[in-house]
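My questions all concern the structure below.
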Amino acid sequence: MESTLPILILAIPLTMFLLLGIAGCKMSHKLAGFLGIAGMGTTLVLSYITALTYFFGPEFIGADGLREQVTVFNWEWLAFTENLVISLGFFLDPISAMMLIVITTISFMVHLYSLGYMEGERGFQRYYAFLSLFSFSMLGLVVATNIFQMYIFWELVGASSYLLIGFYYRLHSAVSASKKAFIVTRFADLGFLIGILVLSYYTQTFDFVKMTSDPSWVLASTGGATFMGASVLTWALVLIFTGGMGKSAMMPLHIWLPDAMEGPTPVSALIHAATMVVAGVFLVARMFPVYMMEGSATMIIVVVGAVTAFYAAMVACAQIDIKRILAFSTISQIAFMMVSLGVASEGHGEVAHHGLGYMASMFHLFTHAMFKALLFLGAGALIHAVHSNNYTAMGGLRKYMPITHWTFLIGCLAIAGIPPFSGFFSKDEILAACYAWSPFIGVWMSMVAALTAFYMFRMYYLVFWWNEPHYHHTPHDAPLSMNIPLLFLAAVSCVAGFIPFGHFVTWNRMPYDIHIELPVAISSVVVALVAIALARHMYIKENPLPAKMKAALPRLWDWCHHRFYWDELYMFITHRIIFNGICRPLAWFDRHIIDGTMDSFATVTNKASEAIRPLQSGQVQMYVWYYLIGALLLAGVTAVCVL
Amino acid sequence: MEFTAIYYLIPALIMFCCGVYGFITRKNMIAMLISLELMLNAVDINFVVFNRFLFPEAMEGMFFTLFAIAIAAAETALAIAIIINIFRSNKSVDVRTLNEMKF
Amino acid sequence: MFSNILIYFVVIPLVMLGGLALCQNIRQIRAVAVTGSLALIGLSAWVLAEYLELRGAGNEDPMLFVDSWTWFAPLNIHLAVGVDGISVAMLILSSIIVFAGSFASWEIKQAKEFFLWLILLSTGVFGFFISIDLFTMFMFYEVALIPMYLLIGVWGSGNKNYSAMKLTLMLMGGSAFLMLGLIGIYYHSAPEGGQLTWNILEIANNDAIDHSWQTFLFPMTFVGFGVLGAMFPFHTWSPDGHASAPTAVSMLHAGVLMKLGGYGCFRVAIYLMPQAAHELSWIFLILTGISVVYGAFCACVKTDLKYINAYSSVSHCGLVLFAILMLNETAMTGAIMQMLSHGLMTALFFALIGMIYGRTHTREITQMGGMMQIMPYLSVCYVIAGMASLGLPGLSGFVSEMTIFVGSFQHADMFHRVFTIAACCSIVITAVYILRVVGKLLFGPVYDEHHLSLTDATWWERLSTVTLIVSVAAIGCFPNFFNHLINFTFKPAIFAVLGLN
Amino acid sequence: MESVGSIILYCVVALSMIVFSVLAVTTRKILRAATYLLFTLFAAAVMYFMLDYEFLGAVQIAVYAGGIVVLFVFSILLTSRPGDNSERLTSKSKVLGFLGALSMLGVSGWALLSRCANFSSLPAMKYLTMSDLGTALMGTGENQYLLPFEAVSVLLLACIIGGVVIARKR
């Protein structure tokens, strides 16, 4: 494939970032917005061309009937050793092509939406610059040809996420949220980095193709080395997964994502719902053949995913801030994808159920990106209208904001898994894969799906029905630039489920047809409907039932509402233990012990000279005394020696 | 009875020790200077005695004493000038008051 | 003598000194400083070009532009010069920082004397990097150290007498060890009889120093240079010294002078005494490993901007020595990259801190806030510097740290690999203290309303910071260029210690 | 065997030397101390005569007794009122000084007695004429002392200038 288009896909957002970042303060808002949108639009078109050519072009079907993996270009960027070379390249395979579509679509929609949402904000140009930076980084991440390139862009998305969360830098909450996000993900990245180091030490390569095309070679290259009881490959993979856990907000590294909602809502839609947070899933998917080799690593993925999914769903039921509800729903849904990836492997190099889980995970990633972005943008429209994040300030909005209402409803239906919306199809595949792997996980995930339907419709009814508070200004639908993305994404959410995903994205690039497993599908739809009905019963109009329930289970409500006190636990660890328990004593140690020792050398010298200084008293008679005593001593010594 | 060298040296030694005693104990600078002269003279006598008894045909000791006397004169004159100057500024010739230039 | 290009690195500063002595007013002083530092940048660029050309033509000598003039025949002391890729990199670094430093001290008081000392200091620095004679190297080293005392003591702020005294005395203490080591090397440079020599290349070629002497001299020289490189128990001059030093001095000191330590450690201690380095590295590895993590932890609780940055320097410079001690090609390349990167980045930091301090008259982060609204340009630069420091890809910190980590992790020994992981942890702690400062200082509401009337950067401040940022970004975006430049030095043929591993 | 007269002379000289030097350092009246010093110096001069160094004895009397003691007396008159007693020494410093001097005396005396006790009696010596002395002082050959002579004269000059500079009124 020619490399012009791929280069442009990366270069345009980068140029836009530099242009808007350096010259932005001299531009008008309109020009900056226009430039940003134009840049992203071009990228969108180029990405679509690239991805569609890849998916439909016959030139990418190899001799064995499989879709080829293509390294479009691969430039050496930094050569550590002969083998360990960081290259910057463009790698095209089904998942990266799919991610190109997802990222550019959502990003473009967000660019467009922000034109209305961010209108008149201070730092509008900066906002668009950061969006471009993020798009660049995210695109670079998904097309990475080697794990170190991914790490580079991984860090860059982290930084742009930091900048965007802290966009309202005058607010303390935004600043601390951005700091938290960066540090938590940085901590996870440390794991990622160590994982890379361990893996590359044994395999002597960073290259994805080399690793994934022959995973058994990777296993062999470690030579069965173990560290503290586990094989080094397990260590490496788990550590790399830690990086994914950080970015994808898996427990226990999830705490940054709810706080990240301090950023502007479109940013939440782009970064913290659709693209960046699925980087962890993407990472595992990218390394999937290697993960397949180590059953214990995939086991950990499944367990972490399952626990996170349930936890986040529970917490989402007890939140007040609608963006937080969506954030926890995102965590839960990403956990779905993780579980699905985990259950795609049997361990010891075998895929389970023809790798259904892998395909389902990617499918869910795709559909989730669309409907979750839709929900976030809808939430943005709501917040734009009522100037509050809390559902307590909303209610009965269906009358005032019909477009928002309908599109939001579509999003809710999609996430709840009601046919024919896209979420149904992808979630159904995931559940099918789970049941096939272990019935326990299947039931567990179905339960989470039911909870999902419940909390989404709880929010839906509380926002659009319930009873109407007193509005200072009559809320109304958002302007056109904000509505177009809503409508577009709603349309995609309606139809995306019918894409024959199995034809495009599978673990070994072997196309196959998706079957809907009827028992699973029917049971999950029924469960979802029951959950929706319950939500409708409780929240359609003001009634004492929710309060009663809260009173009936106060402990549970408290724990869910306070997110099971994870933040407090982290606060305790970071402030009490690390800051007060390590940093302060160390600083004290440095100033008083180490520096004290150095100073004491000076003090001792000083004291010593002070002590002998009076000998030089200026009293000449004292000198005579010293002389006399010295002479006598000398005489004595001589006498003793001679005699 | 024969006057060997020791007959001259012992009085000189006693004189020297008196000088030492005086130099150590007296506070008056002129008194200290006097003690100093005593010591100097004791040493002079030693030079002369050793010259006379051990090398009667040489004159080194004698000349050394001669020059020592000349230098002692110069030194005393200067010392006394300094003492008088100190007396002018300090109104005292007590050596214990003279420690401003220490360290 | 003047046909050798390298000698001009000493001649130009000396001419500048002469020029400064003749200056009458501030404009002339600035003109001399700027012209001179531009000439130095030009010269180092020229040397770089010549160097690359010669290497491209297949010249495989360990050092290029080698020349030697007798200075004091009875002790065989020469003024011997020569450069390899590392020295070239260091020369570029120094000239950039001298340039930026001149602009950063645009409005210093008593400018003439200040610049005289500053240029004398840089004479020492340049002389050190071009020397390959141990004695002249040591002499230039001292020439670089002594002006520091006056620069801090006279133009400094805060507890400047104490800091200046402490800095000078501790570094002098290090020099004492160093001198002992160097003289020891000299007297063992010809074990089979014959002329004793100070020349690094000759000593290395002869593989001269006796093994038992190496184990004695290696710690001497390593500690001697390590004090300047802020190695763990000997780092305490750095926070106080940096906190009191005026802006340009902090820049030069952290940016270049601390690099003298790392450079010396590798050029003298390890290059000349490879066996001892191989055997004793573990001791110093532990010390430097401690300083990497420990410096970062200490930086987390400090509230004075300069203290934070000084401790961060302890951490980053610790990484330099740490990587050098790993004794493999990649890690050592990383160490040199880290020297470049840290030099530029920390100079940028100190420049910005100086500019902020010049406006607010405080360096306490608890006394400031919301600077982003007041001085956006400086704040953005500060964020960029912070990002470089915490290792954002595209800026220099990332490439150097990654080269170090990857290189160190290639070590065959388990102990070294586990230690590398411990050192890796510093990247998280770095993020913590950088973001803490950025959050408190730049973001949030304005703390002090008096600050609202402050102005943003002036043109010379912009020029100074832009120079440094561009350099930082250049290393970050095109690391392979620097990698190749440095890499040649670490060929097993040249660098005996690589053969040992 | 010496004549009785010389024995008596020796005894007188030695005794006066010892007694007056002790008195010079113990008296509390400074003017008296100067006087006792004078007597001691005379005793020393007599000793020189006894050792056949007449010229030296003469110089001793001229320079010391005639010059230095006069200087002392003048300076004493300038710096203290006549009749003033210097303050009484504390017994501690007296004892200490006494001990110091005594130990000095002991050590040196022991050294003297153990090493110099058996020197022969006064050997014969060529009578020193003035011209001998003059040649020795003014010559530059072996055992001749022009250089120290000149040095001393320069020193005396310096001393005169120094005395003037120091003592002049500001």
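For reference, chains read A, B, C and D in written order, and residue numbers begin at 1 within each chain.
Criterion: contacts are C-beta pairs under 8 Å (C-beta built on N, C-alpha and C of every residue); 3 or more make two chains touch, one makes a residue touch a chain.
Given the structure is predicted, the values throughout are model-derived calculations rather than measurements.
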**OP:** Sort out for me whether B-D or A-B is joined by the greater number of C-beta contact pairs.
**Re:** B-D
Original post:
Taking each chain's centre as the mean of its Cα atoms, which chain lies farthest from chain A?
Top reply: D
**OP:** Return the chain label for which the distance between chain Cα mean and whole-protein Cα mean is smallest.
**Re:** C
Original post:
What is the distance in Å between the mean C-alpha positions of chain C and chain D?
Top reply: 71
Subject >> Averaged-CA centre spacing for the pair chain B and chain A, given as whole angstrom >> reply: 96
Original post:
Roughly how many whole angstrom separate the Cα centroids of chain B and chain D?
Top reply: 7
**OP:** Quick one: report the Å distance separating chain B from chain C, using the average Cα coordinate of each chain.
**Re:** 65
Original post:
Listing for chain B: what residues touch at least two other chains?
Top reply: 20, 24-25
Subject >> Shared interface positions of chain D, touching two or more other chains >> reply: 100, 104
Original post:
Every touching chain pair, please?
Top reply: A-B, A-C, A-D, B-D
Subject >> Partner chain B, residues of chain D touching it in the complex >> reply: 1-2, 6-7, 10, 13-14, 17-18, 21-22, 24-26, 30, 33-34, 37, 40-41, 44, 47-48, 50-53, 56, 59-60, 63-64, 67-68, 71-72, 74-76, 78-80, 86-87, 89, 93-94, 96-98, 100-102, 104-105, 108-109, 112-113, 116-126, 128, 136-137, 143, 145, 148-149, 152, 155-156, 159, 162-163, 166-167
Subject >> Complex interface listing, chain C residues touching chain A >> reply: 165-166, 169-170, 233-237, 294, 297-298, 300-302, 329-330, 370, 372-373, 376, 387, 390-394, 398-399, 402-403, 405-407, 409-410, 417, 420-421, 424-425, 427-428, 431-432, 435-436, 439, 442-445, 479-480, 483
Subject >> chain B residues within the chain D interface of the complex >> reply: 1-22, 24-28, 30-31, 33-35, 37-38, 41, 44-45, 48-49, 52-54, 56-60, 62-63, 65-67, 69-78, 80-85, 87, 93
Original post:
Mind pulling up the chain A residues that touch chain C in the complex?
Top reply: 25, 76-81, 84, 86, 148, 152-153, 155-156, 159, 162, 166, 169-172, 174-176, 178-179, 182-183, 186-187, 189-190, 193-194, 197-198, 200-201, 579, 582-584, 586-587, 590, 594-595, 597-599, 602
**OP:** Spell out the residues on chain A that touch chain B in their complex, using ranges where they run on.
**Re:** 613, 616-621, 624-625, 628
